[in-house]
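A quick write-up on the structure given underneath.
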Amino acid sequence: MSDTDNFLDDSLITTETTAPDSMAADQPMGGISDRAATRQARELSVGERPGTLTVREDSLAPRLFLISYDEQFFEEKEYTSYDEMLAFFHAHPQQRHWIDVRGYGDLPLMERLMQDFDLHPLQMEDVLGDYQRAKVEQFDDNRLFMVSRMTEFTTLLEIDDDQLSIFTGPNYIISFQDDYDDCLDTVRIRIRSGFSKIKQKPVLYLAYALTDVVLDHYYPTMAAIGDYIETLEERIFKGRADRRVLNRILHIKKDIVRFRRLVYPEREKIAEILRMPDDVIPEEMKLYFKDCYDHAIQAMDLAESYRESVSSLVDLYLSDQSNRMNEVMKVLTIISSIFIPLSFVVGLYGMNFQREAPDGTINRLNMPELYQPWGYPVLLSILVVIVAFQLIYFYRKGWLSNR
Amino acid sequence: MSDTDNFLDDSLITTETTAPDSMAADQPMGGISDRAATRQARELSVGERPGTLTVREDSLAPRLFLISYDEQFFEEKEYTSYDEMLAFFHAHPQQRHWIDVRGYGDLPLMERLMQDFDLHPLQMEDVLGDYQRAKVEQFDDNRLFMVSRMTEFTTLLEIDDDQLSIFTGPNYIISFQDDYDDCLDTVRIRIRSGFSKIKQKPVLYLAYALTDVVLDHYYPTMAAIGDYIETLEERIFKGRADRRVLNRILHIKKDIVRFRRLVYPEREKIAEILRMPDDVIPEEMKLYFKDCYDHAIQAMDLAESYRESVSSLVDLYLSDQSNRMNEVMKVLTIISSIFIPLSFVVGLYGMNFQREAPDGTINRLNMPELYQPWGYPVLLSILVVIVAFQLIYFYRKGWLSNR
Amino acid sequence: MSDTDNFLDDSLITTETTAPDSMAADQPMGGISDRAATRQARELSVGERPGTLTVREDSLAPRLFLISYDEQFFEEKEYTSYDEMLAFFHAHPQQRHWIDVRGYGDLPLMERLMQDFDLHPLQMEDVLGDYQRAKVEQFDDNRLFMVSRMTEFTTLLEIDDDQLSIFTGPNYIISFQDDYDDCLDTVRIRIRSGFSKIKQKPVLYLAYALTDVVLDHYYPTMAAIGDYIETLEERIFKGRADRRVLNRILHIKKDIVRFRRLVYPEREKIAEILRMPDDVIPEEMKLYFKDCYDHAIQAMDLAESYRESVSSLVDLYLSDQSNRMNEVMKVLTIISSIFIPLSFVVGLYGMNFQREAPDGTINRLNMPELYQPWGYPVLLSILVVIVAFQLIYFYRKGWLSNR
Amino acid sequence: MSDTDNFLDDSLITTETTAPDSMAADQPMGGISDRAATRQARELSVGERPGTLTVREDSLAPRLFLISYDEQFFEEKEYTSYDEMLAFFHAHPQQRHWIDVRGYGDLPLMERLMQDFDLHPLQMEDVLGDYQRAKVEQFDDNRLFMVSRMTEFTTLLEIDDDQLSIFTGPNYIISFQDDYDDCLDTVRIRIRSGFSKIKQKPVLYLAYALTDVVLDHYYPTMAAIGDYIETLEERIFKGRADRRVLNRILHIKKDIVRFRRLVYPEREKIAEILRMPDDVIPEEMKLYFKDCYDHAIQAMDLAESYRESVSSLVDLYLSDQSNRMNEVMKVLTIISSIFIPLSFVVGLYGMNFQREAPDGTINRLNMPELYQPWGYPVLLSILVVIVAFQLIYFYRKGWLSNR
Amino acid sequence: MSDTDNFLDDSLITTETTAPDSMAADQPMGGISDRAATRQARELSVGERPGTLTVREDSLAPRLFLISYDEQFFEEKEYTSYDEMLAFFHAHPQQRHWIDVRGYGDLPLMERLMQDFDLHPLQMEDVLGDYQRAKVEQFDDNRLFMVSRMTEFTTLLEIDDDQLSIFTGPNYIISFQDDYDDCLDTVRIRIRSGFSKIKQKPVLYLAYALTDVVLDHYYPTMAAIGDYIETLEERIFKGRADRRVLNRILHIKKDIVRFRRLVYPEREKIAEILRMPDDVIPEEMKLYFKDCYDHAIQAMDLAESYRESVSSLVDLYLSDQSNRMNEVMKVLTIISSIFIPLSFVVGLYGMNFQREAPDGTINRLNMPELYQPWGYPVLLSILVVIVAFQLIYFYRKGWLSNR
């Protein structure tokens, strides 16, 4: 069994599940119904005062990372104490800082962060809710609140998305996310390196770099989906497509559409950034965001392209299903058409018409064939001829080949 | 029989019907035709003078609630006399008031309310008609007339929507709805509580809070639909999907599309509020409505996501139906292909070709097999071999497994 | 045979046809092809000088009605002489007038009307052509030319639409339509009544009232369609859906789409009226047109909802068709699977293998079963057991129930 | 064979082909692939200098017509010499002229026309290319270059479209087309007539009249398509729809979509004209173009309506195909279900169980039925009863009627 | 085997693959999954510093071509040394230059080009990434960065697209592409020729000419697709369409949709150019770009037209598949319906009802037919009559013809 086969194996999928947000693990047959959406819809705190902060029960305990830098300076540390981190932060007003919060599972800490960095409760609610579409909001004159959605094609064969929330300040940015792992390590590595452009530029550039890296990650997500579609296509072609394959096709189709819906607001967000006045987004930064904009459109094009492919797969599957029925019917038809007439013929000569009537007269017309010396061989020959003609007919129709 | 099964059981559905507006109770098989729409279309008073107030025959008698508050003050009461309520209202010009009217079944009272609070007959017609899309109208310079639609996923497995009409005034809001129960209790509880933000803010904030809570309720509605879709999907997977399941799928699809059409004008309404001048909607309030706007878009995204899931369910159902046909055909083909040839063979040896012609000559070629000492056992063995070959062939084709 | 059955009965339909514009009467099987569109397309006078007035051959002779009124005055009369009507009209310059022309079949009269009331030949061409989408045109500074389309769900089970053309003047409106019957009687009754708002307002209000009543009539049209869809759905559910039902479904689908295309320009028309300057449409009138606008959107929503329902009906019909095939196949498979093996077994014991060879030796192995004292009863028992097993198998598969 | 049959007859189609641009003649089976598009795409002179004039090899030799007129004057003539025509043209500067060029097959003449009338090479390239969508271009301050597409539903049962290019000048218009025949004769006749409005107005009115007549011709084209769709629908209903009918349906669907794509830019063109400043298009002329605009929208509505009808025809065809399969299966099932059990029964009594064992003992249990005096008649009666029950069952199922 | 057959032959396809970017060579069965998209998505350098230049491993070594010209001067040469080329370039500041770079496989050279011609790293990243949609960017006041995508319908029966990146400068343009071959030779030939318009105009005209030629090449690409679609259609009509044909149809459908997505941004690009101020794009040049704009729309129309055709092909294929099933079923039904009843009849007379009971009494009712002198011939005649009736029935149903 090849690799691609393995990865469609359901037992495998259920056991390999180790990712923390594996909402699909309990989903033995693929799952067309949008359980992620359902879960999201259920978790919203209905009717609460807007701006009420709540933290999901299964949230991870927050980890606090601080990266501080300027062109000469660099320090990176994980803090276990928020106060300690804040002290360091305030002690270095000349440096630029990235406060990197991962995990939301400590409500008082979240509230302190909100107050210490002048975040609006509605914004903080968006952060902790973890279901906000990509958006940008300008606040306090020239600060930005940016939401991105980080995507990943998981071992569960579906697209997982996590929220990255970024607030900018005069000399810092704060980022929030609910997982410890993310796709931002490349940025961290770039800052650590000696000559990073990030170090030379204002913090807005760092916010941009994070946004860019999230967008860049859309491509490997899409590439993984592309590989997966290819595997599904091969399955159909090898004739090993059963209902589960259709299920998977429909599932990934739903995910691709969802992906497109994730990227679309990302594009809108960047377009809004590009329309912001120059004192909020300097002209030079716009060049960079314009590049992001191109990438967002490109990602949507890719998603569109895959959606088309997956729709074709559905067509192909259905045609294949119909094809198999055709094949079954052909076997039935060939066998029946050959043997049913033969059965008639042999049944004919199984009749008991009597040569001799009870009164002793001879009925010469009653099945005289039965008494011919060559009767049986001739009949056998006739049967062979009938079969031969039928086979030729079916061959001509193309029913004997595996079309 | 499990829980999910129960909830698809039709008898159950018809008996559990207790909701006052149960237009689906008389709908034994699900109902793809949009009876709610038909009823709505029929009830409109065609050709009457615009602004003519009419009350549906089955309207509930109005109940009047008044919640009066300011930062120090709070009083909540249900009034049986409108005049009494009005007196209290006029006696407290410094407080803010929520006049909460539930049920329309008293036309003179409705007309008094209209006159006493300077509502336009066309607006009042919109209130009582109970079929107005979400909208906002600015009138008398800075008063607002806002319509929302409250949704619920009922025990009848469909989305029910009720209209909430809100008029703002300088120190009061009046809300109208035709049911006694609603989804606004969380707001009432928040006002009752000591330190509600609602008490500290102008009445517009209360109007916002109500709008927000209606929007928040879209999520549990959607979550219930999500669960329902999942149940339907399981049905199909367990192979227990009959025509009624298709019917339900098509029904819920229609409802999801309708839900999306309910939310869309809600989004437009909020967008229009966000475009209103600052003296009507203060800048600070816009922050709150912007949050609503995000939620409305999110709800539409959810609906879109479910629509996709339901479309996939239709595909799956149809493929499943075709699959079952396939299975039936395979059984027929296997049985026929095995036994029809066998029947031919045994028919062959049931022929009456005679070894002895009437004239006594021996026709040695006429079925000599019948006289062989091992004739019958050999034939039986041949039959077994034929069957074995066929079974191998079908096994190789995969027709013996339940693909 | 119930009522709903009757109304799907074709013979009935063809005999009940009494409406003057019954283009569907000669349409024995429902008619998917858009004959109304074809007729319309054919009747256009191709290449004639624009503004050339032509009157369809089957046009009704015009009937002239004049309703004159002000707050104190009211007079309503059908005139057989145009000059007489004009004399009365000119003799009452202080009153407001509704000149109500029904039927176009008198070209010179139409031309006199055009000249006497300063209508543009292109406008008059639009009136007589009877196929103009809803629109509004401003002319002579502040006069309006408004076209509406009045709809009706006919006894032929399709949507019929007629054109209502209205020209406004300083103290009069002229309306044109090609039928004697219309949906405007409610307005006439309202004017006749003592205290009509229409009498108190400028003629523009009357033009509005007519537009409003046409819009209001979209709802009963839609409600009738809703009932019809429900009947079709029941047909399918009772298993009595044949090709004619599909035809009707596709036909009504086409009509609903056409209805939506009728309403859409109506909405655009009202939106254009709402954008007109206040000296053409006073602010107060806009309130009324805004109400119309809501209704137009509501009607489009209804049409959209029905379109969705009808699409689902097509799905349901096709699935039902496939379902019936399934049922047929199951019967075939069950019967064949049971009896074909049995036939083999009895064929087996119909073979003529001889216990005694021609040379007199005994072939003990040739079908010794035939000579057992219990041979036949045992065989019958075996056959019963085979059948029992098969029935259990089919029962388990669920093929014996009517799923 | 009726008339409508004839016109679907393929042999007929291939022989009747006389139109000069009959690209479909060599298209024996209808042709879903868009050969017109392919031909068009192939003919473009790839990579040539923009503005290079080329003439298709099969172009007709140009014929030159000049119609000169003013309110008193009228002269119409076909010229064989361009110079002669030009001389006449220059000799009558007070008159208005329509230079009517039909056929492009003389490149030097085309180039002279371009230079003499100050046309831009890119414009002339658009003229000769013969594949330009409808458009309008303003050049030399107030001259117009207008392209229309003239349509026709040909005897080949498809929409043929030809380009009409019009240039306006101060006192003349030049029109180009590649066929000798066109749909503009009604305009020519109108000019010839004594009191034509065309004679009284500036040349722009003539350009308008030509545009209008092209638009007017969309209606008979659509009407012919409507008739054709009706014929196809009848075919299906009479059960005479084979694959060729599907092919034709798909073909005409493609053509209708193409038609809509032809009309859409026409509408855009007129909308652009309506937006032009008053010194290019006087206010009075706009009234006329507004009328055209209505017609263009109306034509698009018609096309949309037909597209809907044709889509329904596809559904109907597919359902019909499935229906026929159903019928075939029912025949098979009825025959098999009746006779297979009967065959079993008669096979049963064809078994050779012996009453007398070889040792002479009597096996009384071995098929005693065979020795009963009423055995055979009783069995025959049983068979009849079985058949009767089955027929009742099938009748109840409705399988015996032709549903 | 004809030519068109050959070109659908898979073996052929795999061996003919010589093009350098033959991503489809390893794609034995057509490939619905979008491998090009997947490859593209995978190759993006995720998370790298924006503006980081990377070169794909399989990039061709760059070849440098310089065409220098003015109205008198012309020199064209391929340089192996960049410095040499640069020297020549700087030595001729009065001439206009086209620096034509083909192949990216030399990163330091790419970086030198970037620096020497003041290109932005983000732009250079777009060039080397080779997956940028068509776009135009204005930089350094009046320089342009234009990206086009050159298309080709390859021998692998799919659309291949390559990126052409053009930077303009005061007296030069630089173009980049990753293949040695392209579709620009017609432009090169035009420059070489004595009287090219290109030589007389500023370099922007050359940039335009390249863009135009790329657009012109969309037409042969489309024409090839049109031919291919026609071949596929013929396949289906000749009844030789198997699953591979469906695969190809779905594949080309995907490609056509992709093509449309390629052209759309091209149109947007030109629209943006047309909106640029006159000092960047002189009025005269806009005339030329307007012509391009027409062509881009025309190309999109063509693609739309083909998409429609291909969708129809899918419908046709599926109907054809269903048709073949129908045919199979008809053969089965005819054979079974004829012979199964016959088999019953002959089985009937194969029964062993005994004329003589064991006790010697004569059972006259037991199958007296068997003893009639004409029994057998009469039975045979009856069988013939039954068959005849059935054949007539089937003929009437039209099942004997090949509908």
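Here the chain labels run A, B, C, D and E in written order, and each chain numbers its own residues starting at 1.
Throughout what follows, a contact is a pair of C-beta atoms (placed from the backbone, for glycine too) under 8 Å apart; a residue touches a chain by one contact, two chains touch by 3 or more.
The model shown is predicted, which means the values in this text are computed figures rather than measured ones.
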{"item": "Least hop count linking chain B to chain C through chains in contact", "value": "1"}
{"item": "Angle of rotation relating chain A to chain E [CA atoms, steps of 5 degrees]", "value": "70"}
{"item": "Interface sides of chain C and chain D: same vs different residues, half threshold", "value": "different"}
{"item": "Inter-centroid spacing, chain D versus chain A (mean Cα positions, whole Å)", "value": "42"}
{"item": "Where chain D touches two or more other chains at once, by residue number", "value": "322, 325, 329, 332, 336, 340, 343, 347, 350-352, 367"}
{"item": "Pairwise touch network: line, ring, star, complete, or other", "value": "ring"}
{"item": "Ordered ring members, chain B first, chain C second", "value": "B, C, D, E, A"}
{"item": "Of chain D, residues touching chain C in the complex", "value": "183, 185-187, 190, 196-197, 209, 212-213, 216-217, 219-220, 222-223, 226-227, 229-230, 232-233, 237, 287-288, 290-291, 294, 297-298, 301-302, 304-306, 308-309, 312-313, 315-316, 319-320, 322-323, 325-326, 329-330, 332-333, 336-337, 340-341, 343-344, 347-348, 350-354, 357-358, 361, 363-367, 397-399, 403"}
{"item": "Complex contacts: residues of chain B adjacent to chain C", "value": "29, 31-35, 37-38, 40-42, 44-50, 120, 122, 125-126, 131-133, 135, 137, 239, 242-243, 246-247, 250-251, 253-254, 257-258, 261, 314, 317-318, 321-322, 324-325, 327-329, 331-332, 335-336, 339-340, 342-343, 346-347, 349-352, 355, 362, 367, 369-377, 379"}
